[in-house]
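Letters are used for the chains, namely A, B, C and D, taken in the order the chains are written, and counting of residues starts over at 1 for each.
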Amino acid sequence: MTTNRINTAILGASGYTGAELLRLLARHPNAHVKALTAEKRAGAALGEVFPHLAHLDVPKLVKIGDVDFSGIDVVFCALPHGLTQEVIAGLPTHLKIVDLSADFRLHDVATYAKWYGHEHLAPKLQQEAVYGITELARAAVAKARLVANPGCYPTSAQLPLVPLLEAGLIETGDIIIDAKSGVTGAGREAKEANLYAEVTEGIHAYGVGGHRHAPEIEQGLTIAAGQPIIVNFTAHLMPMSRGILSSIYVKLAKGATADDLRANLSARYAAEPFVHVMPAGQTPATRHVRGSNHCRIAVFPDRVPGRAIVISVIDNLVKGASGQAIQNFNVMTGLPEILALEQEAMFP
Amino acid sequence: MTTNRINTAILGASGYTGAELLRLLARHPNAHVKALTAEKRAGAALGEVFPHLAHLDVPKLVKIGDVDFSGIDVVFCALPHGLTQEVIAGLPTHLKIVDLSADFRLHDVATYAKWYGHEHLAPKLQQEAVYGITELARAAVAKARLVANPGCYPTSAQLPLVPLLEAGLIETGDIIIDAKSGVTGAGREAKEANLYAEVTEGIHAYGVGGHRHAPEIEQGLTIAAGQPIIVNFTAHLMPMSRGILSSIYVKLAKGATADDLRANLSARYAAEPFVHVMPAGQTPATRHVRGSNHCRIAVFPDRVPGRAIVISVIDNLVKGASGQAIQNFNVMTGLPEILALEQEAMFP
Amino acid sequence: MTTNRINTAILGASGYTGAELLRLLARHPNAHVKALTAEKRAGAALGEVFPHLAHLDVPKLVKIGDVDFSGIDVVFCALPHGLTQEVIAGLPTHLKIVDLSADFRLHDVATYAKWYGHEHLAPKLQQEAVYGITELARAAVAKARLVANPGCYPTSAQLPLVPLLEAGLIETGDIIIDAKSGVTGAGREAKEANLYAEVTEGIHAYGVGGHRHAPEIEQGLTIAAGQPIIVNFTAHLMPMSRGILSSIYVKLAKGATADDLRANLSARYAAEPFVHVMPAGQTPATRHVRGSNHCRIAVFPDRVPGRAIVISVIDNLVKGASGQAIQNFNVMTGLPEILALEQEAMFP
Amino acid sequence: MTTNRINTAILGASGYTGAELLRLLARHPNAHVKALTAEKRAGAALGEVFPHLAHLDVPKLVKIGDVDFSGIDVVFCALPHGLTQEVIAGLPTHLKIVDLSADFRLHDVATYAKWYGHEHLAPKLQQEAVYGITELARAAVAKARLVANPGCYPTSAQLPLVPLLEAGLIETGDIIIDAKSGVTGAGREAKEANLYAEVTEGIHAYGVGGHRHAPEIEQGLTIAAGQPIIVNFTAHLMPMSRGILSSIYVKLAKGATADDLRANLSARYAAEPFVHVMPAGQTPATRHVRGSNHCRIAVFPDRVPGRAIVISVIDNLVKGASGQAIQNFNVMTGLPEILALEQEAMFP
């Protein structure tokens, strides 16, 4: 793209990832939001759905069918899974697309069908889509037309694990990922389970042994390791709006130490603006990445000989969703990768 | 100031307002942070005190006595009250200063002594200081060398009340300000009362009938009304990190209606980038200004005839402290007023 | 009632007030829970709806139509308003009833129709019902067949205000009640507005100028004062599951002082097990009544001459709903009033 | 003990475990609180330290040196570790003692010295003390004079793991305990790290690889397994006042299944009033045990072949501290074990 201004549309703008795209894009010097959709809220001004964004100069919410895509360059798609593949299959092909749903993340048709309960409706696009953890797939993202923006949990798990597996520093068996997530990961739909009084001051695990992010993580780790990997991925819901902390328990490859792991990750991410490997002894906290596109990673020796502990934190709505989507957008359009993502974490 | 780059120092950088100044200034195109002080943490890198800012390119924390002020243009002073007046009195006079403490907010020597329990140590500076709610004192701030940055509660109360009193739309008696604040207003000092387990899931009033922000509010309202005003200001501490909501109960001047009040405020603030008067029927929420420099105001008719309800919300750390400090800094240095303050609220 | 065991039914047991009735009744030596209803969850065991109560020895949830009321002595009715009046009108007349809904709280037919948008469907019962703030209506409750259990906000407002108005210590005009409530007051229904991410770390007012608890409060205050009273009642939703704090701003009657108000309330409630008037200078906090049937009240002089500040706190689910319901049940059945209500507040 | 009334003292009554002992003992039919100590708050009434307990009929706080122990039967000791061993060594020997500190939990002198940095000051008492997870040591507790009340984390870990190791159903290597705790586990001392604004809306791990509860857990598991066990114990601090959820990742012994584990635990705890093994597919939540003495345990198959996931929840202040202390007190004094512990969890 050679022009300075890139026209974008956000499909599914009334959810939390939509709000976050808008918050960040409001300070993007090149991206112009030209269309916003929300099927149920079509006709509403953005301020009716998100009062905190009422003063933004953006168009009203409309139905997808009412968008004129001819003037749009790039689409951010933040629709529910399932619906997404139908919608994207029907979009004009001149569009570049960053899809925030789960629909194009799994490349294997059978795996998709098994975990989502139906055949994929756009298998060609499924093959075309580039799985976009930006730091791990930058070159492919740069050439992609359709980027499958990774899930929040998978981003937090793969950023530390992929380099370690590629380097053969950890064993491929018995990888245990104990993840703690904020509530926005569940979206904005009104469900009893996500009411304030059901969430505050407590924690519980969910989807134990059967969370859909497990195969997504395994897909990436399997490629990195060059052999099939099955992981324990256990998700917990806790009282915070934003953030994921993944505590990852791994076996060291023969001769490797926790220091080796840290050194490997430090080298791998030394030049990255958003991934920070912490010095020995420092522990990351989700509140230290809240609102930012940063990922912080720390490595600790385990009391149990031959094991190590890797901890990563991200904001699930930023690096785990809308921030990484914009990062991919920047890469896809040849812009500086950090545009609109320069904000520091908001603490306290 | 004619150069593009302005060198700044932050005195008292290890507290919450210091962190917030750094978060916001990190995206200021002109302000350069050249010195950071923290008496107890002198020698530490910023990342030891605020891990979320570890990657910022700023100098180590030092003691105030070790700062070379000759290369500094503007000082942000975020020190405790009392200490502040001594420190500022000793600073070189070429410095412009935005002071975030309470030390220079009250102009009357006797009032200061009564509420703070001792004579002011720098009465000349007290007279020189400009009280800086930016929207209400822009011209004076532009010419000031020393700006007393207003308190968080007083900002939330005066932004709606000053125009209404100036216009004679409300009576001067029986103004009741019921304010609810987040915990960061109490600073970062370790106190039992501010522990998580003492604050979460509850609310209580404090300083009832004797909060030090009462005389500050009364000073501003008295000037606006042209006659002495005493207010009921009742502060409540509630479980949120950031935010103040002030519910203000007023008597309408004869013939005035709630609609008149809203129309007056709308006109007054129509051109302001940070103060938004909401349409009739919409209610402001603190979460809709969190992290931003915005103030939202709404006016409602009261069931009780002849009365109205005015509600304002701000983020106490931004418009109530560091954001307004930067806004004043921009005005004092002739820069565009919104620099470094363009971020939208972070919701959710 | 002469037997030791009283058989009860809870209609609408799957909501928060239902859960709270069960939590408290589990330790009642005389009350036996013989039937539980929940239309949508009929057939489920209690543990499916409330896992924390899974080990209680209670019957499954059924539909109201499937309850055999012949063996029931007392019904706790925790159904939505509107539906309630239909259901109660159809119950056998041997039953004593404590109704937790709003349906029988307003005695005036026209006031009911105005605030609830339809004619009352059981106007005879509406006249029969006793409005049951236990401490203020004990004798009438003891003889009642149908008790209208007061609303949470009205309980917190009337406990301090009724004695003061009866004693003529405050003026009848310009009573301002600024109330802050936890989220369970809104019930367990899945609504976007009550999602964790929409509530945490923020506060907003709602129903400003038009909350349905206003006429309920005014009804009680009007009786107490012997003349019509209109109040400002402004409700705020804040991030806590349980609790209401009402900050009440009043004008002192001629010659009265804040100390007079405190002395009056102290005397009035001296013998009450659940209402505590705090010594001068102490401030109540909702967390100090959480989970208990206690109400704490404090009185402060106002900076504004001739005014006073009265603050009350309750747990909206206990003294504001299920606890007071049991208190009324105890009075109606001639049992010691504190049975099943002896638990202390849970802090932290 | 043959009398009905047992006189107790609480040493260190101004902390959270002290408050919790008082909350629960207030409803104990036999225990009489005859002395309360708090060195720094000596002379204060309980209501000054804990306003929610102001109406309890208990003595003022005094210094330990001012307690007349001649009329006391049982002491609850809730003092800081280190100090505790000195104090208890100096108490009259007619006293039975439940010690809530860490001082008498580790039986091995060398292990104690290694983890706590100094030689034990009362090694004889260290040998005498009975480690009291009530369900696992009931007979020994019944005969004990000094019970070391277990740590909160160790209780949550050992209740599920001890039976499984005793039965040989899991392997002894690679036991990973990922625990998430509320903030009261850190006590009431004023520390920056536990301020509301430092804790809310976030999570972080702490003491990674070196938490003092690791050797306590290992001691119990080693006895159960009959061979040395080293565990990975990783603690996380999250925004809740009360509660611990331990996600435990284990390897199945050859031939064993997750169902076998659940069946074993179900049988083991079938008659226990406070330990509940959940049916397959149900997940425990900390909010479902909040305020109660219950422990809930669930077992899940792992996606990784040959592994299982065990999850337990407790309230750290009840089953993890003061509740279990009273449970042990009941057993030590021959009273029914559930006295004062009958309260259900408080949800929401």
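The working rule: a contact is a pair of C-beta atoms (placed from the backbone, for glycine too) under 8 Å apart; a residue touches a chain by one contact, two chains touch by 3 or more.
Computed from a predicted model, the values in this text were never measured in an experiment.
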Chains in simultaneous contact with chain B and chain D: A, C
Contact-richer chain pair (by C-beta pairs counted) among A-B and A-D: A-D
Greatest separation from chain A - chain, by CA centre: C
Distance from chain C to chain A - Cα centre to Cα centre, in angstrom: 45
Centroid distance [mean C-alpha coordinates] between chain D and chain A, Å: 39
Chain centre separation in whole Å, for chain B relative to chain A (CA means): 36
Multi-chain contact residues (two or more partners), chain B: 16, 182, 184, 197-198, 200-201, 239-242, 284-285, 287-288, 290, 348
Sites on chain A touched by chain D in the complex: 173-174, 176, 178, 180, 182, 197-198, 200-206, 208-210, 214, 230-234, 236, 238-243, 245, 247, 249, 283-288, 290, 300-305, 307, 309, 311, 313, 348
Complex contacts: residues of chain D adjacent to chain B: 16, 182-184, 188-192, 194-201, 239-241
Touch list for chain D against partner chain C, complex: 16, 19, 22-23, 26-27, 50-56, 184, 200-201, 241-242, 276, 282, 284-285, 287-292, 296, 317, 342-348
